[in-house]
Amino acid sequence: MTAPILEVKDLHVRFPITSGGLLGGGKRYLHAVNGLSFDLARGECLSVVGESGCGKSTTALAIMGLQEPTEGSIRFHGKPMTGPQAPGRMARARAAQMVFQDPYASLNPRQTVWQSLEQPLRLHGVKDKAEIERRISAMLKNVGLTPEQGKRYPHEFSGGQRQRIGIARALILEPEIVVLDEPVSALDVSIRAQIINLLLDLQEKFQLSYVMISHDLSVVEHMSDRVVVMFFGQIVEQGPWQAIFENPQHPYTRRLIAAIPDPDTFLKEDTEALVKVLPPAPAGYRHMGDGSVPPNVFEPPEASELIDIGGGHLVRYLRA
Amino acid sequence: MSAPLIEIKDLKVDVPLKGGKAVPILKGVSLQIMPGETFGLVGESGSGKSVTSLAIMGLLKKPLKATGGQILYRGEDLLTASKKTMRNLRGNRIAMIFQEPMTALNPLQTVGRQIAEMFVLHQGKSWAEGQKLAVEALAAVKVPSPERRAGNYPHQMSGGLRQRVMIAMALACNPDLLIADEPTTALDVTVQAEVLKLIRELCAERGTAVLFISHDLGVIASVCQRVGVMYSGVLVEENDTRALFSNPQHTYTKGLLGALPRLGSRTADSRNRLVDIDSIIADRSVLTQERYIAPRITEGGAAQ
Amino acid sequence: ETPRKGGTFNFTAPYGSAFSTLDIHGSPNIQEHFVTYAIHRSLYSWDSNNNKPVPELAEKVDVSEDGSVYTFHLKKNAVFHHGKPLTADDVIFTYKRLADAKNALPGASYINIIKGVAEFGKGEATEIEGLKKIDDHTLEVTLNAAGNPGFNLMESTTSIYPSDYPLDQQAIKPVGLGAFQFKEHVPGSQVVVERFDKYYEEGKPYLDRVNIIVMPEGSARDVAFRNKEVDVSVLGPVQYQAYQQDAALKDHILEVAETFTRNVGFNTEAVPALADKRVRQAINHAINSDLIIERLVKGKAVRAVSWLPKGSPAYDESAQPYAYDPEKAKALLKEAGYENGFEFEVTATPNESWGVPIIEAILPMLKQVGITVKPKPIESAALGSTVQSGDFQAYMWSNLTGPDPLTSLRCFWSQTAQAACNYTKFSNAEFDKLYEAARAETDEAKQMELLKQANNLLQEEAPVWFFNYNKAVMAYQPWVHGLAPNATELALQDYDSIWIDDSAPASRK
Amino acid sequence: MLKFTLRRILQMIPTLFVVALLIFVIFSVVPGSFATALFSDGRTNADPQLIERLNREFGLDRPLLERFTTYIWDLARFDLGTSFRTRLPVLDMLGERMWPSLKLAIAAMVFAVVIGVPLGFMAALRPGSLFDSVTMIGAVSGLSLPQFWLGLLLMMLFALQLNWLPSFGYGDGSIRNLILPAMALGVTPLALLARTTRAGVLDVINSDFIRTAHAKGMSESAVVRRHVARNALVLIVTTVGLQFGSLIGQAVVIEKLFAWPGIGSLLVDSVAIRDIPVVQGAILVIVLWFLVINTAVDLLYAAIDPRIKQE
Amino acid sequence: MRLGFNLWFGGFLTVLVIFAGLFAPWLAPFDPVLDANLMNSELPPDGEFWFGTDSQGRDIYTRILYGAQISLTVGIVSQIINSVIGVTLGMTAGYWGGWWDDLVNGLTNVMLAIPSLIFALAVMAVLGPGLPSLLIALGFTNWSWTCRIARSSTLSLKSQGYIQAAQTLGYSDLRIMFTQILPNMLGPILVMATLGMGGAVLAEASLSFLGLGIQPPFPSWGSMLTDAREMMQLAPWAAIFPGLAIFLAVLGFNLLGDGLRDSLDPHMRTRKL
C-alpha cells in the first residue's frame, strides 16, 4: 500500500464557551472533537457520518486549516499542516479544497462565475491570459457548464448548477484532496444524483481523494471506499464500506443504519431486524450506548478503546 | 364503499399579477384521501406540495389565491366555506404540522399552554383542564416526564421533542385528517425514524387520515399507503405505494426513483450509476403533460 | 403721589435659566444679583439717579486728609433677617471671607484696594491690616492708595454677611440686611422674598412680596408681560422695536445707556494694515454704524463716540462720532497704501448685539471700500482667554466702561498688560501722559478734564471700531412706580423703592 | 436571575469608567476655563490674578494625571465634585434638575407610546393599506423633523397664536408647561415607535408560529391578542427602553428652546461657562441613566422572553 | 408599491438638494453674503425676494440654495468618515474576533452610551465652531451603529461558504475583507449612511441652535433657523423656510435610505432610525 496522503492523528477541538459567573467569568469547554485519527489514501473516498453536532464539520474545517485544532496533528504527505511548522494558506490551498453544503451561500453573489475561478488562479501565480482562459473553460466543461455561462452571476443559476460551480472552484487549483461537507444534502433528489455522478466521475478523472461528510448513509454507501462513524466527537466505528454496511458492530452504527428511511427496507417489511441481534463484545470489553441518550458535551468522553476486529474494521468499546 | 374524507377536484391556485394575468402555481390538482388513509405527496422543491396543503387548511396567504376547483371535506366545499366553519374545522377536524419545529411554536409560551389552547378553543375547556389534558397529550406522544415538559418553553427542548409537541398539538382534538408538511426534514435520521414511527402508530390507532408531504421517497415509503407525485403544480402520478415504487409509470417518477442511491444496491466491485432525469428526458416541460393516476383498489378489490 | 403699601411684584430675571447659587459671594453674574438686591446690602450702593456710589450701611463716612483712610459709622438700626444687628465685626468677617485666596471668590478683586488684603489672602497675616474695628459701629478702613472705595465696595459680591450665621446656609436660606427676607427658592423657576419689617429705612419697603422669576427667553417674557403676568420685562432688540410701535406699551418703557461699549478691537501686530491709524479710521468711517444700530440692534443702542460711555463723568458731550463716509474711508486707505484692500478675521461670539451678526453686517460695508472681513466664530466662554492671549486679528466684544472712568481708561495705558485689559496692546505716549496725570490728580474736576482729553485722543487713534453703547430697556406695567434708570445694569432695581398702585390686577394687590 | 442582574450592573462599571476618562480628557483640552469664561461677557474686567487664583482653587494647575486620579477616586465615592460657579455639590445640582428632566422624558415617552404603538400596530395589521401608507409616511416625516423647528412651530401656534398654553418655562411645574416641550421631544420616539411596532408586529405575523396558531383554528382577533401582541411586545419594550434611555440626552435642544430647567440645559449652560465638574457630572448622569435603563430593559426582556433567562 | 414611492420620492428630494447645492451660483438671484442691504432687512416674501429677507437684508431663497451645499457637505463627509471608521472597526472586529473584538465592542458600547449630540457638543467645544470641526464632531461620534452592522454582517458573512472558500483558496485576510466581505455588506452600510446623512443635517441644525454651528456668514440652514428664532413673530418666514428646507432634505435622505433598504434587503430590520 502507498503511504497515505493525509494523516489525522489524535485530533482534539475544544470551543471555549463563556457563560455563568459574574462578568462572564466561568469558562467551560465544549468538546467538539475528541481524539480523532484516520488517514486517507490517494484516490480514496473516505466518508465521515454521524448525527448533527457530532463534530463532522469541525473536523473538515480543521483539515482545511479553518479551525485551529486544540491538540493533535494533521499531516499532508508526511508534512505537518498544523502547529508552528504549518504552511501558509497559499501552500495549503494547493493541497486541499472544499465543497460546501449550501450552494446558495457558497458563492460570492457579487462575482461572476468566471471571476470566482480567475481570482484564485491569479493569486496562485497563473498570469498568462490564455492559460487562465483555457483552464477555466476546461474546468467549466468538466463540471458540465459552458464557458459562456461563466459570465453570469450566481443568482442566475439553480442549486445544482451552483454546486457544480462550487466544485469547479474547488478543483481549479488542482488539489489532491477535496473535502466535501454534505455536498448534496441541500439539493433536490433528482439533482442530487447528477452531483453524485459528477463527483464520482471527477474523482476517477483526476485521481482525487475525497473526505466526504454526510449524515445520509445511502449516499455514503454509494460513494465511499471507507467509512468513519462519528459519535460525540469520537470515532465509534471505522472500516471499509462493506464492513460497515454489511456487518455493523457498534450499536450506534446499527441504529443509524436502521433509521435510514430506505424505500426498499420498508417495502420488504423487515425493519429493525438488524438492531436486535448484537454480536457480543470482545472479552474484557462492553458495548457503548446506542447514542439515544445525548452525551454531555462539556465533559471529555468516558475512556474507551478502538479495537480492530479484522480487515481494518475498527470498533469502539468501553472497558468492562 | 366509503366516501373520501377529502376530495380535491381540479384545484387551481394562482398568483395574480397586475393587468389581469396570473402565474399558475397549482394547475388543476385532483386527489382523494380516504378516512384513515395515509396519503403521501412527493415532488421537488417548488412543485406545489405546501400550497396544496395550505389550500386545504384555508391558510393561503396574500399573493396566493385559489381560482378554481373544489376542496370537498365530507362533501362540503372548503374553498367557499364561511370563516367560522373553517375555524371550527381547522385544528379540530383537520390539523397540521409544519416542517420547522423550531419556529412553528410560540417561543414565549410554555408548550403545555400551547397544547392546552387546542382544548380551550375547540372543546370549551378551561385553561386548567386544558393544561391537564395537555400533559396527557404529551404522554401520548411519548414525551418522557410530560408533567415537567409541559412547563417547558420550546427553546428548552430538542428538535425531536418539539416535533412531538407539534404532533401532540395537532392530534389533540382527534382530527379526521392530519396534514404533515415535511415534518422530519429538519431532524436527524435517528430522531426522524422515531417521529415517523410515532405518526404512523398514533394515526393508525386513532384512524386519522394523513396527508404526508415530503421530498424524501424513503420517508414516504415508510409511512404511506398511497403516493402522489407532484411536478410543477401538477399531480403527475398517483398509485399505491408498493405499486409506485416497484413499477413507476411517469418519466419523472422513474427519474426520481433511479436517482436515489438505494441501500444495499452497491456490490463489492461496482456501483450502478444513478439515473439523471435530464439524461432520460431533454425537455422537462413535457413532463406536466404525462399523467398516470392509478385507480384505487378498495378492500373489496374493485377499482373505484 | 404717595407710595401705596403692599402688593406683590413679579420681577423677571432674564440672564440665565436658573439661579446658580444664592450665596452671592460666589457669583459674579448679574442673574444672581437680582436676588442680592432684595436680600443683601453692601457697604456702598449705586445712586442711579446721580450716577455715583453712595454709602449704604454707614450713616456717616469720614475721609482722611490724604484720602486713604475711611472711617465708617455704621447704621445702628441695620438688622439682619435673623435678628442680629449689624456690627463692624460682620464687615470684617465678610471681607476676610472674600480675601481668603482659598475661597477664590470673585469679590476678592474688589476688596483688594484695602491694605493688607493680599497678605491675608496668601495666609501671611491672620488679620487684614487695613480693617480696624473702633467699636461695634465704627470701622476704619485703610486703602492701598487714595481713591474712592465706593465703586468697589458697592459690588454685590461684597455683600455683608452676618458673622454668626453658617456660611453653607447662605446658599440655601440666605440671610442679609436687605429690605426683603428670603422665603423660598424653586430651582429653575423663581425666588420668592417677603417684606422685612425691621428694615433700617423708615417706611420701606412698600411691597409685601417680590417674586423673582427666571425667564431667559425674550419671547417668554414677552408673552408673560403682555398677559400681565409679570410686572417688568427686559427687552431685547426685536421686542424693543415692537413695544415702541405698540400704543398700549410704548409709554411704559424705561431706557438708559448702560456703561458698556461694544467695539471691534484690532491686533496691530497680526495685521500690518491695522497698525496704520488711517486704516483704523477708515474702518470707522466705512461702517454705517447708525444703520446697523437701527436695523439689527433695532435702535436699542446708543452710537458710540469713543471709549467712555454716555453717563460717564468723563464723557465729552460735544464730541461727535465718526461720520459714515465711504469715500473718505477710501481716501484714507489710499493714503495709507491700501487702496487694493486687505483682509482680516474678526473673532466673535454668537451674541446678537455684539457678535457674529454684527460682523456679518459690516462685512458688505467694508467690502465696498475693499476690505475683506471674515467672521471667526468662537464660543462665549473662549472669547476672554483668546483675547487675553492675543490670539486674534480682531475681536468683537462688549466691555464694561463704567462707572469709574479712571478704571476704564486704564485699559489703554501702555503699562497695562494685554491679559489685564489692554487687549489691543495700545501704546501711545501722549495717552499715557494724560492718564498718569489724571491718576495723580486729586481734584475731581481736573481729573475728569484730563480723562476727557484722553478719551478724545482714543477716538482719534481708533484702536477699535467704536460701535455703540448698550441701551438697556425695560418695559413695566402702568401700575408700577419707583423704577430707576440704573446705568450699571438697568435690570438691577432697588426693590425697596418700588410700589404698585390700585390699577394693578387683583392678584397682585 | 439575581446573578444575571448583578452581572449586568457590574458590567456598567467599565463603560462608565471609560466614559469618565473620555469626558475628562475632552474637557481638559477644551479652550477657555471657568475663570476666563467669567470675564467673557465683558461685564467684568479680566483680572489675571483672580484667574490664576481661581484656577489654583479649582486645582486646574495640578498635573493631569493627579487630577484624573482624584476625580476617579471621588467618583468611586459618589462624589461628583463641586461646581465652579455655584460651589454647590454637583450631585445636589443634578438632583435638582433630575426631576424636571425625568418629567419631560416621561411625558414625551407617554405621548410617543400612547400614539405611536397603536398606530404601528394598526398599520401592521393592514399592510399596504392606505392607513398603513399614511402612517408610515407620517412616521418618516416625524423622524425628519428638526425637533426645535417643530418646537418653534408649536410655540407659534399654541402659545402665540391661540394662546392656549404657556410657550416657555417650567412655570410652577404644571402640566400646561409640559405639554409643548413633551410633544416636540416626543415626536421622534413616536415616529420611531410607530415604525418599529409595525416592523415588529409584521415580523411576528409572518412567523411560523402564527401560522400554527391559525392552523389551530383561532380567530384572527384571538391570534392577535394571544400570540402577536405579546411577542411583538419584546421589540416594542426594547425600543421604548432605548428611546427612554437616550431621551434625556436628546432633550438638550428642546430643554434649551423651552427654557426647561433639566439636566440637558444645565449641561449646555455649564459647557458654555466651562463649569467642568457640572459638565462631567451631567454627562455621567445621562450616561448612567442610559445604562440603567438599558439594563432594566434587558431584565424586563428576560422576564418577557424565556429564551434569555437561560444564559 | 410603497417601496417604489420611497425610492423615487426620496431620490427626487435628494437630487433636488444636490441640484440646488451644485447650481446655487446660477440659480440664486443674489450673492448669499455680500448682497446684504440692511435697508431691506426682514422683508416678507415678494416677487424680488421669493422667501423674504433675513435680518441682515439678505435674500433667504438665495441663502437656502447655498445652504444646500453646507448640508450636503455635512451629510456626505460626516457619513463617509463614520462609515470608514465604523466599517473598518466593525469588519476587523467581526473577522478577527478575540481581544480586538472585545475592545471594539467595548468602545462601541461607550459610544452608544453617550448621546451623540452631547458627544458632538463636547467635541465642538474643544475644536471651536466652524465647518471642519463640525465634520469631525459629527463624523467621529456616530459610527457605532455602522460598526455594529458591519460587525454583525461580517460575522454572518464569515460563516458563508464563499468566505471560507476564499480562505481555503489562499486569500489573505485583508484581501478577503476587501474583496469578499466589504462588497457584500455595502448595501446595509449604504442604507445606514443615507439615513445617517439625514441625522447629520439634523445634528448640524441642533448644534447651530446651541451656538456651535457653521462658520458665518456662509449660510447653513441650521444657523439660518437659529438666527430666525429671535424674529419669530416679526418675520416668521425667516424661520419657516430654512426649517422646511431641513425637513425636506432629511426626509429625502430618510426616504431614500428606506427605499434602498427595501430594495436591497427586504428583511433588514428597522434599526436605528
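For clarity, chains are labelled A, B, C, D and E in written order, and residue numbers in each chain start from 1.
Throughout what follows, a residue touches a chain if its C-beta (ideal position, glycine included) is under 8 Å from a C-beta of that chain, and two chains touch if they have at least 3 such contacts.
Protein identities per chain, from UniProt: A = Glutathione import ATP-binding protein GsiA; B = ABC transporter ATP-binding protein; D = Glutathione transport system permease protein GsiC; E = ABC transporter permease.
For clarity, every value in this text was computed on a predicted model and none was experimentally measured.
Counting only chains that touch, the fewest steps needed to get from chain A to chain E is 1. Of all chains in the assembly, those touching chain B and also chain C are D.
Ranked by distance of CA centroids from chain E, the top chain is B.
Looking at C-D and B-D side by side, the one with more C-beta contacts is C-D. With each centre defined as the average position of its C-alpha atoms, the distance from chain C to chain E rounds to 44 Å. Centres computed as Cα averages put chain A at a distance of 87 Å from chain C.
Per-chain Cα centroids separate chain B from chain E by 52 Å.
Shared interface positions of chain E, defined as residues touching 2 or more other chains, are 125, 128, 211, 232-233.
Across the assembly, chain C contributes 219, 379-380, 382 as residues in contact with two or more other chains. For chain B, no residue reaches two or more other chains under the stated contact definition.
Per the touch definition, chain C reaches chain D in the complex via residues 16-18, 20-21, 23, 26-30, 101-104, 106, 108-109, 171, 186-189, 214-217, 219-220, 223, 260, 349, 354, 379-386, 388, 397-400, 407, 411, 417, 419-421. By the touch criterion stated above, chain B contacts chain A in their complex at residues 44-45, 158, 188-190, 192-193, 196, 215-222, 241-242, 245-246, 255-266, 268, 271, 273-278.
Only residues 57, 59, 86-92, 95-96, 98, 100, 103-109, 117-118, 121-122, 153, 155-156, 166, 169 of chain B touch chain D when the two sit together in their complex.
The touching residues of chain E, counted against chain D in their complex, run 1-2, 5-6, 106-107, 109-110, 113-115, 117-118, 121-123, 125-126, 128, 198, 202, 205-206, 209-211, 222, 225, 229, 232-233, 236, 239, 243, 246-248, 250-251, 253-255, 258, 269-270, 273. Those residues of chain C that touch chain E in the complex are listed here as 218-219, 236-238, 241-242, 288, 291-292, 294-296, 350, 352, 356-357, 359-361, 363-364, 367, 375-380, 382.
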